[in-house]
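Some structures are shown below for you to check.
Below are two complexes that have subunit A in common, paired first with subunit B and then with subunit C.
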Partner chain A sequence: MNEKKKIPKTSWKKKDFLGWMIMLPSIILFAFFVWEPLIESVRLSLYTAKGIQTEDFVGFDNYLRVLRHPDFLDALKNTFVYIGWSLVIGFAVPIIIALLITETIHLRSLFRVGVYFPNIIPGLATVMMWGFFFRPGKTGVLNILLSKIGIEGQVWLNNAALTIPLIVIAMTWKSAGSTALIYMAGISGINPELYEAATIDGAGIRQRIRYITLPSVIALAKTLLILQIIAVFQILYEPLVMTNGGPNNASISIMQLVYNYAFRDYKYPMAAALSVMICIVLIILSGIYFKLTTKKED
Partner chain B sequence: MKRRTIGLLLCLTLAVGMLSGCKKYDAKSTVDETKPTGEVKQTNTPVPTKEASNPVEEKFQLKLGIWPEDTLTDDIAMHKEFVKTFNEKHPNVEVVPAYYKYSVDTFVPKAESGNLPTIFESWYTEPQKLIAGGFVADITDILQERGWLDTLNPSIRELLSKDGRIYGIPRDGYALGLMMNVELFEEAGLVDENGYPIYPKTWEELAETAKKIKDATGMAGFCLLAKDNAGGWHFSNIAWAFGATFTVDNGDGTFTANVDSAEAIAAMQYIKDLRWKYDVLTPDPINEDWGTGFANLGVGTAAMYIGANDAVNQPTQVNGLPVDKLAMCALPAGPNGAQYSLSGGTPYMFSKDATVEEISAALDYLEIMGKAPVATEEAVAGMKADAQNRVANGVPVIPRFPCWIDQNVLDAEAQIIKDYGNVDTKMFESYFNATKQSGNLRMEEVGSAQDLYAELTKVLQAVVTDKDADVAALMQKADANYQSILDDLYKK
Partner chain C sequence: MFFEKFRKKKDGTIRFYDLHSKKIKVLCILILLLCLFMVVISVFPAVWVFLASFKDLKEFRKSETILPSHYDLGVFAKTWADLGFLKYYVNSFITVAGCVICAVIFNGLLAYGLAILRPKGHKIIFGLVMWSLLIPATTSVVALFVNINRVGLNQSFIPLWLAFGANAFYVIMFKQFFESLPMELLEAAKLDGCGILRVFQQIILPLSKPIIAVIMIFAITASWSDFLLPYLVLDGSGKETVMVRLFAFRTSNATDVEVLRAVAFSMIPPTILFIIFQKKITEGATMGALKG
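For the complex of A and B:
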């Protein structure tokens, strides 16, 4: 505030007051619904509790218990496997969709709406629908389709090695469209003269993409990459609904562990401890995100 | 300037409006919020109490979380009658229907914000968790005063107690048995000359029976649960028959895990065989839970399923199986003839914020429902109403499990089953005979049963999805995991 020396004191006070008043409702909301619960869960994670009423201070005991729990390593490992697969499967798809649609001449808006369509289906409905697709046995939608062309049915999610990639495919199907829209916006911001010049110089589609489009969206891609990692780190309801973390912990995620502590076992201090750990990781990732985005603005 | 004033005013209005949303509701308006819609509203107003209500007695509300859900119109009609009877004796009590279906997502917020109904039903898994969390009322003294304490079945009492204090009473006792869809047995020709299903007496026979049914009908012979802890819960009962015991009480407040015993491994190998050798399970066991199991049994996509006597409405009323097509037998015996039925009780529990008067009123209401250890005229009328309602909805009227050991009550119940019985008792004979044997009923494992179930469920998931799963290694890992959880819980 003090940096704004150019503005006469009296007037900035008034301006400031109005600003604060405009912010007041959201500050109250933030305080009640974000900051207070955040601080409270840090506090809760350091205590034992009866229900959610804290009892004795135990330091980092809850953290150690969480780290010692047999499911923790599985969940941690899986969370990174989710991130890995989501980058392999999910990262390039929106870029490809965006490129294809921008290169399309006819029916472009139809395709644009089409790829965004899965996004407007409620998340749980999507996940349950894919659950029906991936059902093993004769009643699974994919198996029914495969049987029509004479291919034997698969067990899909029941195959521990395929569980996470299949869940990631379902997630990608749902969210690739919205990310593709962002890329399309980025691509449409590229100066068309560049393309014209390239075309005159005899560049084909492939070269145009390689030398003009991709370099122009690379900064955007970096940002979206970090956002995707942050989002996938918190994956919860997809595995919870599709597999409940199974088979044999093959798809359990860190957030599901939090869910189990809080809602299955009512062990709130443990849930809080794990949440705080997740929070720290996310703060670090967000720090990287901010660094990347500020660089872009420079 | 004017614009700024308007802006300020708008901001203020917004802030004030938002803060007013934080207003604390009084008890009555809270109940209105949780109250089911439509039909139930009518009963929300107290039944007229014109006849000189005692001015000394204070008026209060009894919030019934055990009120039936909206779709069960017959049950609601029955409860309306109960309320009338109740208000004749207690004109000062306003009975408020506050249907609450226990769920782990909503329970704690409701309890902590003081919005729990006076009395509610929970699951058999929950009592110790709810007691530990301090969410439920200690009712020992109230029960003592009523003389109910001594008639409470001791093993069920244990489930609902902590440090000698009691926090709930049983709605029903239960013991696991094997439920059968008789239609599928008939289709597979597995019925005797009188039309009764030829039920399996050992687990080996169950596998063969299941195979015959699968071959003849194409439907699963047996529904195994492997989605959540219910899988481990069922499996523990199967493994007992093979001679396993999963937890050893060391007597000094600590426990030793015994998940990887030869018997337990044999039981798990049996499950693996059900999937890979016999191939008689439903297509996706790792997506089957307590509810889908009953759906499979009820609609006829599985012929056998482990279920308890207090859930006979699930395959029939809920999932449409005709009442005469449900049979139940004792759980099969293991290779050495051992046979157990896991038993427990579905609890009624009481809000920690309920007063002694409110809890007493709730217990009085249970008396009228016929769910209490009294055989008064009203209680018997309540039992009759319940039996009539079951008959009307195609739910088998079979004996309850003796959660109260009061001879008068048992006699009254026996009479009602005689009068209203709507099923052939032979269909349930083996189940009730077995559970009467001494030593047959077995309470769930000590230590930390839910954590044990979680570990067992993971192994179940592995053996039904992986043909090459190494059963012994998986059980050893489960043993180590369970031991580390036990150490964390019981060693400081």
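For the complex of A and C:
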């Protein structure tokens, strides 16, 4: 980053001013769409409001109302369940895909393109599509497939214990390919001489994976893990469309709660209060992420 | 023949010299089959949507088969007309076009400032942009929606377009690219007395075609798929995009096959785009990976 400082500062007159002028339109957009809404969330969360007009300052009342609402505990608990399942399913699958594809030589570009394909399908279309797959009864796609191998049909999303894992599977289907490509870039970047040296020292395939491939994957995995947890906090339309949070709040996500407060009940201050709390958690996670990535550079 | 190709293999754990052993040879074939299986899983659901869309409602509700009994493109045309899907396509195309233009111009200019002009204090902006990269837009969507209403921009495409001009991810990608440009060129232009806008126009822009292409493709798929903000801003305005229409099925009494065909319609443009630009897109995917 610093080597660019070579440009002599005097050569462009009013360089700083012009530089800021060029960035200004974009900065205004960032302010309006990203930064100001964050501040506005905090302000909104401290007031009562009629529609979008704020009325009286009420301090942390909105926060207390959110925290005391029975749905909050469900959503919070679900967030951890989502994180847990996305670690079990969503975290491992891209690594496995990447490990397998880098061991191929034939058709590799087909594999790359193939596993990435779900990523370009619109998210809303993805969840509606998986809705058809998870349909209970004899016409659900998965039930048809199961009946072919003689297994009885399931009720899928209507089974409270299965709801979140199934939603995570649908999400993983969509996102695993793009994450796998990042891992593949990492694995391909390993110096092949390392493997050769290890082989000369008598290391078998298993040992080479254990001592050469996996360590380099783990460095990447740490940062991608935090990004994935951040992504889990944003889960919204998957439960909204697939289950509407049900059965019995079994899959309601914390962002969905924000959505319900704001756009179903029109209680914007409560929605803002919950947003602020999510934001604080995310800022902490982002801080951890920055710590991890900057350490890597040293 | 099959294993001869492994000579060219440059990465991965299994090397050519491992192939003396029969076990490893079997393993290689097994891996190949597994990879094929993964591709099938990745592609099958989308293919199924198109195939099942050929079924009529009775067949869809009753029959326990994956494939339809007959293929007739007429059913697609009928649903297309019944739902008035042309309107949603047009609205989506308007949205996408504006979003792509904003994404390239505004994020590009900001990155130009951050990477090359580097005016005093630019680091503050860069820090703010980095943070916004990690705080997802969905958490502030309530406040943003309230703000959009206050400035009277609801029921208009404008906030959707401009929102793509403030994308931290695109800024970082542009910035990384600009920083890799040869500085000598810029120095030379500067010595020739080019103003900073002319440098941008005549040197940076022509050199930046690859990154602009990647950002454009990303912005097209992202704005086509974007749904929460378009739904909040456009719902009930007659300017609904394809995704807003899809979401409306949640509360409508459309039949299963109509929903299925609408899902198919929504997947066609990104699929075509992907087939044309598959190489660029898969390369861009790793380029966008955070390099720390």
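In this section, the second predicted complex is superposed on the first by the 280 of 298 C-alpha atoms of A that agree within 3 Å, B and C clash if a C-alpha of one lies under 4 Å from a C-alpha of the other, contacts with A are read in each partner's own complex, and residues count from 1 in each chain.
Methods note: contacts are C-beta pairs under 8 Å (C-beta built on N, C-alpha and C of every residue); 3 or more make two chains touch, one makes a residue touch a chain.
In this text the structure is predicted, and so the values were computed from the model without any measurement.
In the superposed model, A:Lys50 makes contact with subunit B only, not with subunit C. By the document's definition of touching, both partners, subunit B and subunit C, reach A:Phe263. In the superposed pair of complexes, A:Met255 makes contact with subunit C only, with no contact to subunit B. Looking at the shared chain after the overlay, A:Ile182 reaches subunit C, while subunit B stays out of its contact range. In the superposition on chain A, A:Ile190 makes contact with subunit C only, not with subunit B. In the superposed model, A:His69 lies in contact with subunit B only, and not with subunit C.
Applying the stated contact rule after C-alpha superposition, one finds that A:Ala160 touches subunit B and leaves subunit C untouched.
By the touch criterion stated above, A:Ile22 is placed in contact with subunit B and with subunit C alike. In the superposition on chain A, A:Gly246 makes contact with subunit B only, while subunit C stays out of contact range. Counting the residues of subunit A that each partner touches, subunit B and subunit C differ, and the larger count belongs to C.
Comparing which residues of subunit A touch subunit B with which touch subunit C, the overlap comprises 18, 22, 25, 29, 52, 138-139, 244, 263, 268. Residue ranges of subunit C in contact with subunit A, taken from their complex: 2, 5-6, 8-15, 17-18, 24, 27-28, 31-32, 34-36, 38-39, 41-43, 45-46, 48-49, 52, 60-66, 102, 106-107, 109-110, 112-122, 125, 128-132, 134-147, 149-150, 162-163, 165-166, 168, 171, 179, 183, 186-187, 190-191, 196-197, 200, 221, 224-225, 227-228, 232, 243, 246-247, 249-250, 256, 259-260, 263, 266-267, 270-271, 273-274, 278-279, 281-282, 285-286, 289-290, 292.
Note for the complex: subunit A touches subunit B at residues 14, 18, 21-22, 24-25, 28-29, 50-53, 65, 68-70, 131, 135-140, 155, 157-160, 243-244, 246-249, 263-266, 268. Listed in rising order, the residues of subunit A touching subunit C in the complex are 1, 4-7, 11-12, 15-20, 22-23, 25-27, 29-30, 32-38, 40-41, 44, 52, 97, 100-107, 109-125, 128-130, 132-133, 138-139, 141, 144-145, 147, 173, 177-178, 181-182, 184-185, 187-190, 192, 195-196, 199, 205, 208-209, 212-213, 223, 227, 230-231, 233-234, 236-237, 241, 244, 255, 258, 262-263, 268, 271-272, 275, 278-279, 282-283, 285-286, 289-290, 293-294, 296-297.
Against subunit A, in their complex, subunit B makes its touches with residues 4, 7-8, 11-12, 14-15, 18-19, 104-105, 108, 111-112, 129, 132-135, 226-228, 282-284, 286-287, 450, 455, 457-459, 461-462, 464-466, 474, 480-481, 484-485, 488.
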